[in-house]
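Both complexes shown next keep chain A, but they swap its partner, so chain B is in the first and chain C is in the second.
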Partner chain A sequence: MIRRTSKAWLYLLPALLFLGFFMVYPLFDVFVYSVEEGYNSASQTYFGTGLYNYSYVLHDPYFLQAVKNTFIIVIITVPLSTAFALAISLALSSVKKLKELYQTVFFLPYVTNTLAVGLVFMILFKKTAYTDGMVNLLIQLFGGKSVDFIDGPYWAKMFVMCFYTIWVVMPFKILILTSALASVNQDYYNAARVDATPKWRIFTRITLPMISPMIFYLIITGFIGAFKAYSDEVALFGTDLNAAGMNTIVGYVYDMLYGNSGGYPSYASAAAVLLFAIVLTITCINLLVSGRNVRT
Partner chain B sequence: MNNTDYQKIALGAARRERAGKIGLYVFLTLWALMVLFPFYWMLLTSVKSYSAYNSEYVPKFFTLAPTLQNYVDAFTLVPLARYFTNTIIFTLATTAMMMLVIVPAAFAFARLEFRGKNLLFTLFLSLMMIPSELVVITNFQTITNWGMRNTFWGLILPSVTSVFYIYLLKENFEQIPDELYKAAKVDGTSDLKYLLRVMIPICRPTLITITILKIIECWNSYVWPRLITDNENYFLVSNGIQAIRENGFGWSSPSR
Partner chain C sequence: MRVVLQNLTKVFPSRQKKGEVVVAVDHFNFEIPDGKLIGLLGPSGCGKSTALNLICGLETPTEGKIFFGDDDVTELPPENRGVGLVFQNYALYPHLTVRQNILFPLQNLRGSEKLSKQEMEERALQAAKLVQIEMLMERKPSELSGGQQQRVAIARALVKMPRVLLLDEPLSNLDARLRLQTREEIRRIQRETEITTVFVTHDQEEAMSISDLIVVMKAGVVNQIGKPQEVYDNPVNLFVARFLGTPSINLFDGSVKAGKLFIGGEEVLSVPGAEDGEVTVGIRPEGFILKKDGAFTCTLERVEVMGRDTSVVCTHTSSLNDNIRAIIPAEDAADASGKQARFDLKPAKVLLFNPKTEERILFSFGEKQEAKA
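Up next, the complex of A and B:
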């Protein structure tokens, strides 16, 4: 038994080492960092312990802006992308011809470098001295007024942001929902057809309840993912997100850690812990709600 | 009389059905265009010459004088080839190392019996809930203290393990019937040989899936490489693209 036990630990050793160094230890360390006041990364010294870092972060206008941006992105993109993905999956499941082709096309954004495509989105939406940009020309075509979506007013930037986020997260949701729809037992639909049940009723009484676990899974992971939004913002607005007023909480953490505004691991840790607290709270609420609504 | 009524109703129903189908296809096609357009635009812009691009107030949807000059520039004025090499090294090394780490771990959880297994597995699972943003700060400090900034080790080490993939693989390993293991034991096969000769071939689809997912993840990673590299010689493609963009707008190199 002892020999077997030691052999098992030997198999586990590499994983344990890596996880210990790069997950477990940092996990405790980040809380330590977040309460060390005036930490200096060059000399690795600090004045004392306390909650000053949290208070600094919570009073930092950049952080508050980042929290506001993140919440707007979460509240807009998660419901919209989930509903839209559901609509597309339903449409996909009710057509036969070209279904594979559509599925392949819809999956494309998942395997592409989001930074590269973000750059294209920026080009499409940006207004420069040379050109108003594709999107603005379209707006003008329909009689609207052009607006700079990348350096312009806040709502315009937020619109591009949300639009791009939805574009990026759609493939995964479509993939999950199409397979969920395909796995619903056809007998239910046949029974409903014998009873001449109206389409809408079939949807709300059969389809939706049957795939609700997957929908809730997508909503929960969607919330978590949207709260961690960062690299899509960089792709659209550049690395100086504070100047663009489009920073997110994760962006704030990285800015505090590194770059021109960096060198404050304590503030970064405090912000990261706050982010973790927010995500944990939202996830718990989500789980409670879904536990009440999903019948499995 | 009655007959024609039925025919009318049937015709109307068929027409409505067809209209619905067309509507569905229009909807799907619209989203497909939305997905494809940025890719098309990327390709189109890449073959437009710099001057042609700048002189178009209304961007053209096609170009009559495609040029490959931009690609030549990208590889000569910007060390794009180096970025690609770096990304390939990073991706392959990370994925290979991850496989070496997660396969034995998943095997131990799935097949071997040892004290504290359930407790350890629960701890593993609870690690899945930890967002990487929470640990990246300390990892940054660790790698900096180890003097591994601007090295491949610094890039690779923190992304080698994945609790989720261990979990996925363990579930898959457990699907393999116990009888095979016992038969192998009767034949005197060692655990390691059993893992290599039986379990890995059977679970090849899952292993391939994990490999592909990890490769995509590595290929697209941006945040960690950006933190850990400021030397151009170690930039990955994402960082390179971003650097080109910050220093010169899109298509021109910084030196222009």
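Up next, the complex of A and C:
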């Protein structure tokens, strides 16, 4: 028995070493930095230990703005993108003609480069000296006043941000949900048909429960992904996110490390730990809620 | 409810553009009497499930009509036909309890048919009691055995009081013992409810044991319809004869000359009325009588004792099967040491077929011939 377990550990060793060096140790290190005041990575020195870094970060208006932005993005994009993806998957699974074509079209954003997509959105939304951008031209066509979506009011920028995020994350969700829908045994639907079940009831009482594990998976990964949003913001608003008022928590961490105002690994670590705490809490809440509702 | 099938035909288009179409059900004519249990029997792929789906409404016929009583239901979708369907895999909703599963069809009722909560509960309990699962109402399907799931599926199909109950291979997912039990159960439930019931099976024993009438299908075509015993005793062709009966019928190349049947040169039986020529001879396993001076000589392979009776396994040069299997009463104790076994044949158990068309060739037999044999 002992020999067998020691062998098992031996087989696990490469994976454990890899995980230890690249996952556990950095995670641990971040915690250490976050309590070391004024840590300098070049000289490897610090003044003292304590919770000062947290206090600084929590009183930094840029951080608070970043938290607010992140939460707005998460709360708007995760439910909306999941709902849209579900609607599109249902539509996709009911069409017969050109199904593959539609599936490919809906999956395209997933394989398109973020920055390229950002550029397209610029063309759609950005005001320049020559044009107000496609969307503004449309607004004007219907008699509205043009809005500066990229450098204008906060709500306009947030609208573009959420629109963009939803558009980018949806293909993956559509892919997962169409395959989940396809894997539901047709007999359940036939049984429901023979029993004269109304369409809406089939959806709520059969389809939804059957694919609930997949929806739940998408919501959890969606939350985690949205909390870590950063590159999408850069694609739309450039690297100086603090100035644009569109920074996110990950953006804040990056700025603290390498940005123009950077060079503060301690503050960055404290912000990262706070993000970790937030994601952990939300995921735990998710698990608790779904534990009651999701069929396993 | 009487169910009438008129020229019912279902053609599936080919997957390739120029491929051949598949005729799953070919001009099926049948009138199912009210309150009877009908077994649709045939090998897999013979179109019996398609026939069931046509009656149910999940498939629309290419041609032909279906009547429930005097109502033409051909164009009606399944939900308006008032049928109960039990699926092969039961299709119980896994996330709902037994109670919720049985209630499900009732909760769909709308308009004048709408029931109060209490009525629904009562009906559900009634259906559960009928199939004897009332103590399992709060369980999930995954917490039930196969037989119990089957009962829940039947209860769910019965709870809305269908005009016709349809069962698709209801026993194929059960183990041998449960299968015996459940088929008795289906018979009992059908007798109690008196609902016209059609069930599909590829197991002839299953169909023979509980059906009022069996329908034997082959490649979409109905070969024979009749009471199980009649079909067994008087199959119209070689296919039906081969399909019914375990152990299956023994087949030989033979010939008829002047009212006598010859197998491998031996005259084994007189068959008055049969025309001269080559025939395929089918002998039911119970059609052999072990006799020292019997007319039919076979090479003895082994004797299998089964308690109630004995199975004598032989070979014969004219046999179309690998082995000949004769079932004889245990008290006729066969001598396993010999090299030969000799039999006389029971004329009623000997069936002649045209070797080309596989149609039955009839011959007359009466007291006289039997006494002589």
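Just so we're on the same page, the second predicted complex is superposed on the first by the 275 of 296 C-alpha atoms of A that agree within 3 Å, B and C clash if a C-alpha of one lies under 4 Å from a C-alpha of the other, contacts with A are read in each partner's own complex, and residues count from 1 in each chain.
As a convention for this text, a contact is a pair of C-beta atoms (placed from the backbone, for glycine too) under 8 Å apart; a residue touches a chain by one contact, two chains touch by 3 or more.
The structure presented is a predicted model; accordingly, all values stated were derived computationally and were not measured.
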Which of chain B and chain C A:Pro209 touches, first, second, both or neither: second
First, second, both or neither for A:Asp187, with chain B first and chain C second: second
Per-residue touch tally on chain A - higher for chain B or for chain C: B
First (chain B), second (chain C), both or neither touched by A:Thr197: second
Which of chain B and chain C A:Asn260 touches, first, second, both or neither: neither
Chain B/chain C common contact set on chain A: none
Touching residues (chain side chain B, partner chain A) in the complex: 21, 24-25, 27-28, 31-32, 34-36, 38-39, 41-42, 45, 54-59, 100-102, 104-105, 107-109, 112-115, 117, 120, 124, 127, 130-131, 133-142, 157-158, 160-161, 163, 166, 191, 216, 219-220, 222-223, 226-227, 237-238, 241-242, 245-246, 250
Of all residues in chain A, those that touch chain B in their complex: 4-5, 7-9, 11-12, 14-16, 18-19, 21-27, 29-30, 33, 41, 87-88, 91-92, 94-95, 98, 102, 105-106, 108-117, 119-121, 123-124, 130-134, 137, 167, 170, 224, 228, 230-231, 234-235, 238-239, 250, 253-254, 257-258, 265, 268-269, 272-273, 275-276, 279
Chain C residues within the chain A interface of the complex: 56-58, 77-80, 83-85, 87, 89, 91, 93-96, 104-105, 107-110, 156, 160
Parts of chain A lying in touch with chain C, wherever the complex brings them together: 185, 187-188, 190-191, 193-198, 201, 205-206, 209-210, 295
